[in-house]
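This is the structure, below, for whatever I ask next.
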Amino acid sequence: MKDEHTDGARVYAELRGADRAAEMQDLAQGTGAEAVIADLSLEFVFGKVWGRGGLDRKQRSLVTIGVLIALRQPAELENHLRVGLTNGLTLAEVEEAIVQTAPYAGFPAAWAAARALANVSSDRKDAPG
Amino acid sequence: MKDEHTDGARVYAELRGADRAAEMQDLAQGTGAEAVIADLSLEFVFGKVWGRGGLDRKQRSLVTIGVLIALRQPAELENHLRVGLTNGLTLAEVEEAIVQTAPYAGFPAAWAAARALANVSSDRKDAPG
Amino acid sequence: MKDEHTDGARVYAELRGADRAAEMQDLAQGTGAEAVIADLSLEFVFGKVWGRGGLDRKQRSLVTIGVLIALRQPAELENHLRVGLTNGLTLAEVEEAIVQTAPYAGFPAAWAAARALANVSSDRKDAPG
Amino acid sequence: MKDEHTDGARVYAELRGADRAAEMQDLAQGTGAEAVIADLSLEFVFGKVWGRGGLDRKQRSLVTIGVLIALRQPAELENHLRVGLTNGLTLAEVEEAIVQTAPYAGFPAAWAAARALANVSSDRKDAPG
Amino acid sequence: MKDEHTDGARVYAELRGADRAAEMQDLAQGTGAEAVIADLSLEFVFGKVWGRGGLDRKQRSLVTIGVLIALRQPAELENHLRVGLTNGLTLAEVEEAIVQTAPYAGFPAAWAAARALANVSSDRKDAPG
Amino acid sequence: MKDEHTDGARVYAELRGADRAAEMQDLAQGTGAEAVIADLSLEFVFGKVWGRGGLDRKQRSLVTIGVLIALRQPAELENHLRVGLTNGLTLAEVEEAIVQTAPYAGFPAAWAAARALANVSSDRKDAPG
């Protein structure tokens, strides 16, 4: 593991699980655009931003979920709805976060987010215990 | 006051102060697009969304700030940075919320939000105690 | 049915048909983010906005189609292309509305809308008479 | 005048007045990015898109206003609120078009549009009769 | 072929190949929104914009790829990643163009673009020589 | 200077001049959201992204200008139009880059960019030689 990835890989494992963190580190050592973005994500997004103090992880998830709903990035939103639940937001809190976006980002964005959460919830029910 | 505004006007006064809430109710009783939007804001945005349980006001502010940074709506963002501080977020927490948006909404959006917060902070310093 | 849904459910049935309006009301009585958004949609979006006078339904559809093309929300756009046809816009008028967005929202958004309309048209041809 | 500008310059004069149409043609004959965009606007946007049949000018304005509110382009929106009024939409219809965008593009976008319309209306009152 | 399509059809064939250019011309002679947008694309986008001097095609591709990543238009982005490679950008240059967007458009947009490029690369490997 | 800023401060000075680079480093050592974003910009945006090989600086400017036009971030766009000229793009090339965005991001975005370039050009003419 590159030294620059140490902090980010630890944070990433806490947010997404050890298996995905290992995959992300493997990806970051490859070549091509995905490898560079994985490398910068581990060092910068997870090591330097998510690793900061001053807001707890549940609060960082609420901000991130708000951003991703407004940006209409459904695939990345599903990832961060999962991260929010891992970070300790209850399902009811994530639902309310989605409702809160409707007047600001508009109903179509909120509907899309509610459907993304339904996908996430059904995956979690199907997963082995 | 219209009955439909009762809940929203109370919530709005808690978020923005009694004077602005009175102005908003006056505006809502006028004519034109601003009046209709003020009317729907009081009834729906503040009465039916901000008035819900399940997330506390600090959490609702974090989501809203994330949405408005991503939407690049600077005037409305300044309002909601103030609301976040009124709702009990510390200045340091609002600063971190802005930092959290940089990797997702991009640095230009985060810079614009940091400048909006600087405007808000300097207004607050100038205000009589 | 909740009293607050009466107007919206009637308008929704006119825009989307009685079967979908019944489904929407059922959804609005459930739990979770989709239920809350359905509830707020019936009361606010369909009851308080689509139910207003001052613009006819064809005109409201033209504005809404313009917004959804610019927001790049293809699923919701397909719904509103259907609503526009139900509201009395001809297929040729909806086609021209899409063409009108090209210089403002850009050609990629207009292409995506033209493909969405092709999906809607082919569904309508397949539907039993 | 370039032949390619004939249709567009006529349409532009109908939408914005003869003085602005003359300025636009002058601009289109200059150099630099603004000149090229003016040139392409006259030929393409006004000659080939606004000049089409199949939707009347009021309908084209409703679509365009919807797009510009959703894109958060306030300067261009002010121009097209004026064009809408010139095309025969009443002030009340333009107000309702703005209200219609609130649930789809969100309240901040609708507020910004209502303020843009207030600017346009106050300019029109100040103008000599 | 319509005279207005001559330049655009030639440029389009250079960017996308002769087969697709023929399809595009066929499409442009049909009816409906796709036909009109194909017609305007050939005349305006490919004839009047891509056909201009002052920037070479590799440079035009870099600008276009930047725009489409920021607009979150994945289908059109895939087309323009292919066009960039046809225009002489190396795979490594396209990869770096995607990396360059991460700090400005955000990591989710850059990830989506990196995946779009992976699709394009795997199609190219599968294609007969 | 923090070690993590060494590469970024050098690149920033090449893009924006030594005076602004010194201001940016001062800002990065302060407190508040602007300080953190300046710190992350120096380390990540300028040190890790702009400092990469594989695309030359003119090419990185073309991508960045495309992104910022599409994101409708006019203040940041003015900065990057200047950077593009510093990186060796000619004024005519920057003008063509703006024209290239019109069909993809729409004419309002291209107009706003052309006006931003006019501001930049007039500042440059006013500056002492």
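Per-chain numbering from 1; labels A, B, C, D, E and F assigned in written order.
Quick note on the criterion: a residue touches a chain if its C-beta (ideal position, glycine included) is under 8 Å from a C-beta of that chain, and two chains touch if they have at least 3 such contacts.
The chain lineup, named per UniProt: A, B, C, D, E, F = Carboxymuconolactone decarboxylase family protein.
Treat the numbers as computed from the prediction; the structure is a model and nothing was measured.
Looking at chain C and chain F, the chains that touch each of them are A, B, D, E. Looking at chain A and chain E, the chains that touch each of them are B, C, D, F. Fewest steps needed to get from chain C to chain D, stepping only to touching chains, is 1.
In a homomeric contact, the two copies may use the same or different surfaces; for chain D and chain E, over half of the interface residue numbers are shared, pointing to the same surface. Comparing mean CA positions across the assembly, the chain most remote from chain C is F.
Least-squares overlay of CA atoms from chain A onto chain C yields a rotation of 120° to the nearest 5. Chain centres here are means of the Cα atoms, and by that rule the chain farthest away from chain A is D. As a whole-number value, the distance joining the C-alpha centres of chain A and chain F reads 29 Å.
We define each chain's centre as the mean of its Cα atoms; on that basis chain D and chain F are separated by 31 Å.
Mean C-alpha position of chain A lies 25 Å from that of chain B.
Counting only residues that touch two or more partner chains, chain A has 40-41, 44-45, 49, 68, 71-72, 76, 95-96, 99, 102-108.
For chain C in complex with chain D, the residues that touch the partner chain are 41, 44-45, 49, 52, 54-55, 59-60, 62-71, 76, 92-93, 95-97, 99-105. Residues of chain D that touch chain A in their complex: 103-108. Listed in rising order, the residues of chain C touching chain B in the complex are 36, 40, 43-44, 48-49. Residues 72, 94-96, 98-99, 102, 106-115, 117-118 of chain B touch chain F in their complex.
Residue ranges of chain F in contact with chain B, taken from their complex: 32-34, 36-37, 40-41, 45, 68, 71-73, 75-76.
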